[in-house]
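Two complexes are shown next, each including chain A; its partner changes from chain B in the first to chain C in the second.
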Partner chain A sequence: MSALQNILIFAGAAFVVIACGLFWRSERWQRARARFQGDRVGIISLLIVVFYGLVGLMDSVQLSAHGKEMSMIEYMFRNTPNERGYSAPYADTTYAVNRPEPLKGRHWFGTDVLGRDVLVQTLRACRTALIIGGLTSFIYIPLGTIFGIAAGYYKRWVDDVIQYVYSTLACVPGILLLIAIIMVLENVNIPLWNGDTIQIPRLVQMSLALGITSWVGLCRLIRGDTLRQVERPYVEAARALGQSNWNIITRHILPNVMHLVLINFVLGFSGLVMSEAILSYIGIGAPVGTASWGTMIDSARMELAREPAVWWNFTAAAGALFFLVLSLNLLGDSLRRAFDPRASGK
Partner chain B sequence: MTSYFPLFLCALLFLSGCGNNPHPPPLHETRPDGTPWRVSYRGFPDDPRTLDPQVSYDTTGHAIISSIYESPLQYHPFKTDPYELMPCLLDEMPQRIKENGGRETYLFKLKKGLTFHDDPCFVASGGVGREVTAEDMAYVFKRIGDPKVECPILSTLQDYVVGLKEAYEEARKTGTFDYSKPMPGIEVIDRYSFRLRMIKPYPQILYWFAMPFTAPVPREAVEYYDGKIHKRVQREQFKFHPVGTGAFRLAEWRRKGLIRLARFDRYNATTFPTGGWPAADDVRFRPMAGKPIPFLDEIQLPIIRESIPAWLLFRQGYTDRSGVGKDIFNTVISMSQELTPEYRARGIELYKDPEPSTYFLIFNMEDPVVGKNRKLRQAISSAFDEELANSIFHNDTYLNAQQLLPPGVFGHQPKFQNPFKQHDLALARKLMIEAGYPEGRDARSGKQLELALDATVDDPESRQHAEFYRSQFETLGIKLKIVENTWSRQQEKFDTGHFQIIGYGWQADYPDPENFFFLFYSRNAAPQGNNYARYANPEFDGVFEQMRTMDDTPERLNLIYKLNDIITEDCPWVLEVHPVLFSLNQVWAPRVSSNPLLAGGSKYTNVDVELRNRKLLEWNRPILWPLWLALGAVVVAVGFGIRWNRRHDV
Partner chain C sequence: MFNYFLRRLLYAVPVVFGVMLLTFVLFFMVQSPRMMAKRNLGPKATPQAVENWLHNRGYDKPLFFNTSPGKSWYDSLFFNHMRSLIMFDLGDSDSTGERVSTKFKKGAVPSLLITVPAFVLGLYLSLVTSLFLAFVRKSKLDVGGVIACVVLMSVPIMVYVIVGQWLIAVQLSWLPAFGFTPSGLTTAKFLMLPVLVYVCAGLGGDVRLFRAIFLEEVHQDYVRTAQAKGASHGRVLFVHVLKNGMIALITLVVASLPFLIMGSLVIENFFGIPGLGSLTLDATRTSDFAVMRASVYLGSLLYLFGLLLTDLCYASVDPRIRFK
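Presenting the complex of A and B:
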């Protein structure tokens, strides 16, 4: 299982690298890269996002060590002991008012109610956030791009149908739609070849639900830009040269709207990470045993209300979430400036 | 100025209505003799779903119903170890008469002169409540058998009361219950006496007579309050318009707002007990012995769904009692599990009451892995660190369950130490080897043992519980998968048996060992019964059948010990805790009854109204300095503004 998981993770990472490489050589991307290199905020944001990505990747790679399977993060923190309940950051004893007990080790971010190191939990939650963000993007970006280009390029009834679909979806409040889809997916059993059935894993359920509800914005954006692109001379020239629709879309229009996809992906990613936290907060998020910032924040409802308050669990999760979302937003802004300096007023 | 004057007056009028007291005014300020009107204020978690005593089967409903309706018997308010029944509507305890052929009958005699609350349903008497008679008790049993009433204890009683099952089946076939037809199980002897005929011995039947299910209801009220329109006026349904014999009547029910109970002036079913209280409370209770009850004139139950506002109202003195939730536990309870000095200084009283219930994890005995491997079950039970769970989830307040029976139930052994409940990891690992899973791996295949636990994970605490279970299984090298279910799916799994391990808790209907051990009786297996483990052991069944109908004798005790030993060895459950309820009462409203099974204990309580009024003033003195500070800041700001304007000639 771990081998399969490792293969899938590396395949995913390779896909992202190849996708970026495909457009890297285009003149527009070259100009954008040059502009981006001079954007200090963008580079720092990118480094932070890459750091989060590496942490998530490290928790996804499974190793066999000490007779059991563990992730690289677990392996790195294998000597961090579990305590008997809460302990404050870098404290000597547990946080129990009744019977404080000496700790077995030091915990920079303290420990949670079950005595687990909060730093480890926070780092491990990166993986959940990245899986949700990555898998959902994998679903909604092709949907939004394909439908957007199709609507903008073919116009007429194709445009009408696609507009009706996304307008209908946009009418339903997002969070309600998410809950409804997850509730339906919870009851879906997939038959296996051996006659057994399995449920769709919770993280996949969440990604599917988020994917179904997230493509509308991108589709509108791409449709608008495609409508603009098809009127431009280079598309007309391609048509005059007898290029097929497929060639015009894939070789001319797609590369010219791809920067919008990239910016939308980066900005949308932060929204998806937040959505994961929100879904976990309302109790339909990450399953038991999966570290998640949302569930950590959800636990804080009780922890902050108790006396004395336990603040470090919430602080660590909210802090990690804040820095990732902030970095993604800043990176998104930088990319927008890099690709479209006029629109950004530079 | 003139145009603003009416507005100013209106504002003053509105402000004059402002106050700290969140409660509506009581029905009266003083009693006819001039003494203060005694009102008790208690936050109530939610509206009851029904106030029909033959239908309600939840603690919210019973808490109200037990004040409005009386049952033939009741629990003694002070005797909890063991629990004891005493007559309430009855003149004396029922006589148990053994007949030929192993059958039994019980002879009941009602007190004379007991009346229902006054209500318009008593048309013949002009709204004055009539006397309670034996016919009303026969009517109760007919209601229990009526399929339209949907009495939840029908399935239990129909196996024991003669004719109940037949009456139910006939009504189901015909679509209507014939109330004019006598039921052979209930024979009305005279106006106040009736006989209950049993199919087979069932001494526990008396406990059902101490619950609201057997409380008499007037037939007039059931028929009058039909929810239909009569003479252009819609009548309420009976389930929302109770007419009982209890110490209080329902005076007002504003949904999601307030339930108001008022004293029933002609209440004469019981008086304050003449003994039975702890010796330490003799000075307090002796003066009340034998006095007429209730002491209170009114009870206001504001519906407060959230725990924090409920606690804040108690802290301010606006409610008389409160639970001690997990979130506020450490502010109220000290290291020694007593009140913290702040709350002790306020005179608040703390009570710790073990509940007659047990929480546990169930192994599915039909499962090929856990069900067929006793050593594995023993190993898991031995590895469980219940002390840690108690510390994390219950602030060290619950009792570590060493046996099935909770304290107070006949057969509970206070010194019993379950050999598989000692959190002995060495023993657990040894048992794992004997079970064929050294270090949690299958000795033959080398594969890690993977088990599944079904749970409803719908809030942070249940998630933490599930995570805790995972960590406990991990100590044995077992990988535990948590199967998250909705509440309804979890219930379905109890019935279908599609689980390996599942969490459950059992609160006694009545404090008899039969009501606990029947959870392992093979003929009570799910889905028909509550034996969710599907435990089937002929030896256990034989001993249980002997024990279940016996009186509490030393012979019965020996059989209970034997049952306990069988369960301990077979380990079909991982026993967890017996809950202990922590509660607080204000100094002006000390608690009287310590019996958690007595839901209608309000009739014994009292309040010192004058002390409450004094304390309310003392605890809720307005803090005016922020107001003065803000006012000062405004004056200074206005002054500066005027000066600045003048300087700049604006």
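Presenting the complex of A and C:
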């Protein structure tokens, strides 16, 4: 199981690197890269995002150590003991008004209601957020790109059908559609080849729902840009040279709209991370036992009402979520500036 | 104008049909009605109870065509579902048995009480701020303002809610933290904090968007003309640019109007306000598929209504649109 998981993770990471590498040498991307290198905010936020990615990756890679399987994060924190309940950051006794008990170890960010180290929980929640963001992107980016280009390139009835589908989806308020889809998917059992049925895992349910709701924006964007590209002389030249539709789409149009996909991916990712937290917060998100910033923030409702308030759980989760979303937003803006300095350089 | 309106209205018909189809696929085809019954009655329900539940709601009929003898072919789930949506017969709630339409009527007022003041206040604040940022564009103040917007946008809404409640209600005890009573001034007290939180949560994104729209206008030719004839900086911005920017703004603003009825899920849920947002969230907790179905359908209708309004406003502000 762990070997398979490790292979999947590296395959996913490799896919992303290859996908970026494919476009790396096109002229537009080279110019953008040169501009991006002069953008200090962009580089710093890229570094922060990469750091979050590494933390998520480390929690995904399973090792076997001391006779059991654990992720790298668990391995790094294997000496951090579990306490009996709340304790404040770097305290030496548990958080109790009447009879504080001595702790077994020190916890930089304190411990939560079950005595788990908050720092470890915060780091592990990174993986949940990245899985949701990554899986959803795997669903919605191909959908949005393929349909967007198809609609913009073939026009006529293809365009009509695709526009009809997405305008129907777009007119259902996003959060309602999300909740409805998750509520229904909870009840769906998938039959397996050996006659058993399994439920769709919760994180996959969430990704499916988010994927269905988020491809619309990308599709609309790509369709609009493809419509513009098709009018350009280079497409006409390719047609005159007798290139097939497939070649024109993959060799000529796709590279020219790919930067929009990248920008949409980065900005969309911040939205997905936020959605994961909101869904977990309203109770239809990450399953029990999976660390999630949303669930941590949810539990803060009760914790902040205590006297004195238990603030560290909330602060750690909200802070981690905030910095990831902020740096993704800033990175997205920097990328947009790098690719299209005219539009945002005013 | 009337022709234009009629044309837009006709465009909406297939989309409404699409939404009806979507709710059918989602709630009857992706999951079977039997699963719905089991979720509602709990895992220990007897087969007889499940059958009764299905029969009472008419869910034991075939999916598309009724082929059993003595019944009309259209007496099926699909046609009944479509008919009830067209007739706005939203059925009874699965969890309480109350009419869904009564539930929605009850929830609309508290939702509107929060979202309308928040919308007006938010719109005013973001307009003023974004115009100001456009006024001082390219200065350090502008850069700082944009950074502040991104920071405000990146804070999750739950954090606004929790910090707002903890700081203003618990620590400073200026306002009550939780609850709702539908009576005069006390209501206002309960509403102030949710409204404040709502405004803060939306401010960053709105200001940034509006600023971008105004900056787009600032570079138009008519601005140069106005400046050349000696209009002051402020007058150009607040009279010429604001008026023209409003054309683009109307699309955004009017389309968001119908959502005011739906309220904000997170905020209503957290502050214990019995609006439509809370209703929807409760529906997920009690597996109330009837309410969920109705809110998806009504939400979409509201959105389409908003689009229609936008088109109308657009056409009345900019008459060229009508002839496209």
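In the analysis below, the second predicted complex is superposed on the first by the 345 of 346 C-alpha atoms of A that agree within 3 Å, B and C clash if a C-alpha of one lies under 4 Å from a C-alpha of the other, contacts with A are read in each partner's own complex, and residues count from 1 in each chain.
Going forward, a residue touches a chain if its C-beta (ideal position, glycine included) is under 8 Å from a C-beta of that chain, and two chains touch if they have at least 3 such contacts.
None of these values were measured; they are calculated from a predicted model.
Using the contact criterion defined above for the overlaid structures, shared-chain residue A:231 touches neither chain B nor chain C, since it reaches no partner. Contacts of A:27 after superposition on the shared chain: neither chain B nor chain C is touched. By the touch criterion defined above, A:84 lies against chain B but remains apart from chain C after alignment on the C-alpha atoms of chain A. With both structures placed on the common chain, the touch criterion links A:114 to chain B but leaves chain C unconnected. Of the two partner chains placed by superposition, chain B and chain C are both touched by A:283. Of the two partner chains placed by superposition, A:196 touches none, neither chain B nor chain C. Once the two structures are overlaid, the count of chain A residues touched is higher for C than for its counterpart among chain B and chain C. Look at A:301: by the touch rule set out above, it reaches both chain B and chain C. By the touch criterion stated above, A:179 is placed in contact with chain C alone, chain B being left untouched. Applying the stated touch rule to the two superposed structures, the overlap between the chain B and chain C interfaces on chain A comprises residues 283, 298, 301, 305.
Residue ranges of chain B in contact with chain A, taken from their complex: 308, 326-331, 335, 337, 388, 391-392, 395-396, 439, 448, 455, 457-461, 463-464, 466-468, 470-471, 477, 482, 484.
Residues 164-165, 167-169, 171-173, 175-177, 179-188, 270, 274, 277-278, 281-284, 294, 297-298, 300-301, 304-305, 309, 314, 318, 321-322, 325-326, 329-330, 333, 346 of chain A touch chain C in their complex. Chain A makes touch with chain B in their complex at residues 67-68, 82, 84-85, 96-99, 113-114, 202, 283, 287-289, 295, 298-299, 301-302, 305-308. Those residues of chain C lying in contact with chain A across their complex are 14-15, 18-19, 22, 26-27, 30-31, 35-36, 38-39, 137, 150-151, 153-159, 162, 166, 170, 215, 218-219, 259, 262, 265-266, 269-270, 280-281, 283-285, 287, 289, 292-293, 295-296, 299-300, 302-304, 307.
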